[in-house]
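Just so it is clear, A, B, C and D label the chains in written order, and each chain counts residues from 1 on its own.
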Amino acid sequence: MSLKHVLQPFNAWVQAFSKPYTIPMKDTMRPGADRYRGWHINDVEKCVGCGTCADICQNAAIDMVPVKDPVKGDSGLRPKIDYGRCCWCALCVDVCTTGSLGMSNEYTWVEKDPEKCRYTPGVDAKPWDGSEKGWRQEEGFSLIVKDRVPMPMLDPKERIKTWAEVVVGYSVEEARKEAARCVSCGLCVAACPAHMHIPDYIGAIRDGDFEKALDFIYDNNPMPEMCGKVCTRRCEGVCSVGIQGEPLAIRWLKRFATEQFEDFAKVLHPEVKRVGEGKKVAVVGGGPSGVTVAYYLAVRGFEVTIYEALPQLGGATFFGIPKYRFPMPSLEKQVDLLKKAGVKIVTDHRVEKDEFRRLLEENDALFFGTGLMKPYKLGVPGEDLEGVIYALDLLRDHHVGKKVEVGESVVVVGGGNVAIDASRVSRRLGAEVTIAYRRRREDMPADDEEIEDAEAEGIELVTQSIPLRVEKLENGKLDFIWGPAEMVPPDRPGGRPKPKLIEGVENHLQVDRVIVAIGQKGEFEWMPEEVAEKVVTSRGWVEVDETGMTQWPGIFAGGDLVNSTADAISAIADGLKAVEGIQQFTLEGLSVSKS
Amino acid sequence: MSPSELSLLPKLFWVVVSVVGAIAYGLVIGGIIRKVMARIQGRIGPPVYQPYLDLFKVIFQRTATWHGYMFYLGPVFRAAGAIGLFLLIPVVFGDPRFDNFSFNGDLLMVMYFMFFGCLGMALGAAEGGHPHSVVAITRGLSQMTAYELPFSLAVVAIAAQTGSFSVHQIVAAQQGGVGHWFLFTNPLAAVAAFLAFLGMNMYSPFDIVLAPQEIPIGPPTEYNSAFMSAMMSGRAIFGVAKCVLYMDLFLGGATTILAAIVKVFFIYFWSIFVGAVFPRFRTEQAVRFFLGWPTAAGVAAVLAVMLF
Amino acid sequence: MTETRERSKEVQIWFGPQHPGITGNMSVQTWLDGDTLTRGITHVGYLHRAFEKLMERRLYIQSFPIVCRICVPEPDTNEWLLASALEELSGLDREVPEKARWIRTLVLEMSRLGAMLMVLGGHAGSMGLGPAPQWMIALRDLVLDRFEELTGGRVYHMYIVYGGVRRDLPEGFAERMEQTLKTIESKLPLIDDVIFGSAVFRKRAMGVGVVPREWAFEMGISGPVIRAMGIPKDVRKDEPYEKYAELDFDVVTEEGSDIFARAMVRRREIQQSIDLIRQILARMPKEGPYCAELPNMLEWTIPVGQTYVRAESSRGEMGYYVVTDGSKKLRRVHVRGPSYVHGVSLLERLIPGTNIADLAPLMVSLQVCPPEIER
Amino acid sequence: MEFNSIQEVLDFAVRQEQKAGRFYGLMAEKSTDVVARKFFREMVGEERKHEAKLKAIKSGKLSGFSGQGTPQMNLTEVLGEPVFREDITLQEGLIIAMRAEKDAYEMYEGLKAFARDEELKKILEGLAAEELEHKARMESIYDQVVQREN
């Protein structure tokens, strides 16, 4: 024990005269670091309630609780965080698809009531709401993959020369890579009219089990290859991955799954339940809704017959959709399965009034989904001139193999998918095409992708143009006269803005054909008076209850006639609804609405 | 003025006052020490009145254990020993109010009382049955026997120098200036006694009784509530009493309360000054320490008095 | 009969789990004869959270907030080990950017610094010394401040993740880090005075808790314990990972193999870490990504495989044995922490003949981290 | 035509609505298209509602007209002038209805010029605005039903 070692420690007393390390109690409100992981904040307006945060939370500290009514693409749920479990790892923030979730740099929170330590950030007001600092998502680090695997497509210059499919389709690697981007939030399921099992089949594709994927797909869609190619894909519109990145290519993945198999019957083994044995159902109209009803009733043991006026089933998807989007073999594949499921198919047969009455007698239930087969007219002077044709007629004639002439230049009036299809078909027939649309580009009901494809193919778009009249010129061409429009706000919030004609200006367009595609309507001439009187509304639609049944007990309806969106997937959804309704009606003899 | 000048009742009154004052001051010293300790450790530390808060907190707590009467008498013995010790030493020399019960030969009694408190504590804590208490007590008694030796030698040296075992007379012998203090007139005895004081006050490196890292707090492990408060106030008054004794023995006593307060504080602070910067000795190291240099100094002091 | 009499002399004492001298949430059951321990048994299980099992029920990304809890004072080694094991098995290691590797090395070294500061304080604290441990904790807090601004958390950083790290260095980080290092360095001489220059500390630490050299490899001892025997064993040198191969440092060794030598190794490694952090910050690339492009973490699968990765933590060699089965979850993780060797096998062998007062300093010097034992 | 009192104007308006109602009723009877028929029937009901409203105003139960400032789309001006046939369609029916409302509006606007009394003028203005709103509604329906994709 040397003296040095006895004395040296006394140096410690030096510290007694320096500033202490600790800070007084009143200073404990030291702010956290700029990216401190403190209490959560959530921008509830930005949040869509996808639940990815709850999925990734390894402590299960996050519950998704309902806080508002779901709107489009929003589950109405918001994360509620239990701070008894939270470990402040901030994975929830990093995985957040919208970037709405963040963490404040708040250290302390004192609360007497332990229940309050479970709160919904952004809904339950807290002092740190709106905190500028704290942990946020940052460029360069993402737990989800934001970029989509690009879909190979034909070059626009090439594709206008041919009727070949524009979209080439994913390879197995590409599809599995794309499928692996899914976060399984399920917002798409809610958005899909048919509520297809999207995360499930995407998961099966990701795992490489394509049979299982097809099984999931066929559970509630008997025309998946059609949907995989031409669906309006509302699912992708709400896809949570698409909020900050590109949405999952849900449609292409479905397409991929269906394209893996030549014959669906070989892989699908729907369990035929004999619940409907002995019950007969007639289906009038072989469109998507009719096919849906027929297929799912058939696999439940019902005896189903489809009556179709055209030579092929498929309805609008057969005669309306051009082959470069939806080739015939794809349709035939699906119809084949229908036949193998035991559905009797009568094509080229238009049901008329008396036969309808007879079918009503002979069958336990009747479903009709005859669609919107007739075009609405332009309603302007000169419409009856030769050369003014209707897009529906053009497409139908083209698909059943009739020769169609469009001349060198055409103007297509309308902005829906029908208008785009007619334009692109005309383009492939060799015409210069102009689309005249009354509203703005962003208001067009057609798919964005379709519009872009059309423009890529050299189709000109003239928006805010109101057709005034059509005149015949001396050189045999038509003079399409239109006036410019200004936009006035819609009547109700969320409605379409209205175009209003600016009077006094007239523009002229010389064309060979004016193709009208402003809208379609149903026709009811084939229907017995007494039935039509009961089921048809004053707007030309058919009203059904939640089981798909019309005012006439035993008659069910679906498809474009019934729903307001007029797309194939909604028709399939109608069909699914009617399947349940018909089963209930025929087996239990009652309907929900009447009970 | 002599002690006999006050009749019994006023005397009792002043005794109570001085005991309460000693406890209060002991607690304040405790608070100051905690604050100083905190500063050397780089902390702000608790407020000076923190020991009061602690004391009142434990007073109002209830106990739910039962370890036998002896166990609960432990703190009482300790407090009694401390108070007994305190009452035998004159706090303010020449003031009948704070003269306490000093009498001829009281120094022997003082030595006894210093031991008494610890023994009582030992008996009580052992009754608790907690092995930590037992270990702590064996350690404490070993250390106590060790530091008793230099302390006793120092006391003997001083008694021999004064020719009396009365604290009163020892104080009286030192009056007349700083130079008359035994601290300076008998430095060897002072060294022995002040080194022994380190062990007596049980701060590092001699805190082997409490030794939180080894035998968590030792005897107080099992004590709680009012017993804890008895221990705390006992410790407060014991600390003050020891310092008063040292003051009387080596620093010439005190003639005013203020002088007593200042001197007591500095004597107490001595153990902190050392304790704050050293780790703890092991038991046998502590024993060996006291039997080394301090004892040698004590023996030297006695020899010096004998010889010169 | 004799044995019974021998036994009756013994007092059984539980050291922990609620004990200020224990190095964490474990306990040692000891038998005391006088002041000397005759034997001891390490008991664990007081904070058993089944980390390894938990991970088998979690996605890969969900496992990563778990591993940091295997060692509270030094979580980053665990994060790095799991990340690097899974990167190796998934092939993601080829995509870890240069900058991420530098930041990871920085974080590992910072965490070593923090842990060393704390444990050196523990050395003195376990012997009842007041000031130095408090200063060390305060200095460690300065390191934690840097961690806070870098990783967003003070203690559980959850920062090193598959493919890189979670965030870039904040603006002006290097300057503030340098400031912190300077503060720590300025305090070190005082700490030397109070700990290594203290007569009592030397008396207590020298020649106490000697681990015989022949046990070194027989028991798989690592870290400061083995380096205090004079054996230069350090994973950072023996099998360099991340950027350690490019850094300039020597393995610290001391002779004596007692508590004092181990404390001295730690003291010198504090200086070593400070130097390393300076080197890293000087060579850190300014630009570039800090994390590879990650796959969708909710669905990430890793092909079948198994690997063992190791790293030098402040306590010694940490290793992770990881098995994947091609699914979204880990098949098996085995955490090889130095604490099992040090806190169970070695400690139980060292206890007989130890003074009860030396048990706490001994445990601290072995640097036992109980969660590592009961993963 | 000249009016002397508000009561007279309102009586006239009621008669106009009744006339319109009879007109739609006739068309509903004669048309063969089920949708058009239903639409005309609906229009009969609409006109009855208008009639009731006017009567309520007349008897003082309602204080005034509503529907000022509905944005106009001016569809009526663009579209052709269909005539009634037995197989009239909903589209043509809507155009006819739009035109009828427009005619009514123009009539009240015209009458306003003759009105000397401020009170009368106000009533006629209200009636005109009401008809204009009906027209806008018809146009809205047309826009939603017929021009769904335009």
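We take it that contacts are C-beta pairs under 8 Å (C-beta built on N, C-alpha and C of every residue); 3 or more make two chains touch, one makes a residue touch a chain.
Everything numeric here is computed off the predicted structure, so don't read it as measured data.
Across A-B and A-D, the chain pair carrying more C-beta contacts is A-D.
For chain B, the chain whose average C-alpha position is most distant is D.
Per-chain CA centroids place chain C at a distance of 87 Å from chain D. Centre-to-centre separation of chain A and chain D, using mean CA positions: 39 Å. One finds 54 Å separating the Cα centroids of chain A and chain C.
Along chain A, residues 9, 12, 15, 21-22 each make contact with two or more other chains.
Shared interface positions of chain B, i.e. residues touching 2 or more other chains, are given as 40-43, 276-278. In chain C, 131, 134-135, 138, 194, 198-200, 203 are the positions where the chain touches two or more neighbouring chains simultaneously.
Inter-chain contacts occur between A-B, A-C, A-D, B-C.
Chain C meets chain B in the complex at residues 11-13, 19-21, 32, 35, 124-131, 134-135, 138, 194, 198-201, 203-204, 355-360.
Chain contact summary for the complex, chain B toward chain C: residues 37, 40-43, 131-132, 134-135, 139, 204-205, 207-208, 211-216, 276-285.
Contacts from chain D toward chain A in the complex involve residues 34-35, 38-39, 41-42, 70-74, 77-80, 90-91, 95, 140-141, 143, 145-150. Across the interface of their complex, chain A is touched by residues 36, 38-45, 273, 276-278 of chain B. If you check the complex, the residues on chain A that touch chain C are 1-2, 4-6, 8-9, 11-12, 14-15, 21-22, 32-37, 52, 55-58, 87-91, 94-95, 103, 135, 138, 140-145, 180-184, 203, 206.
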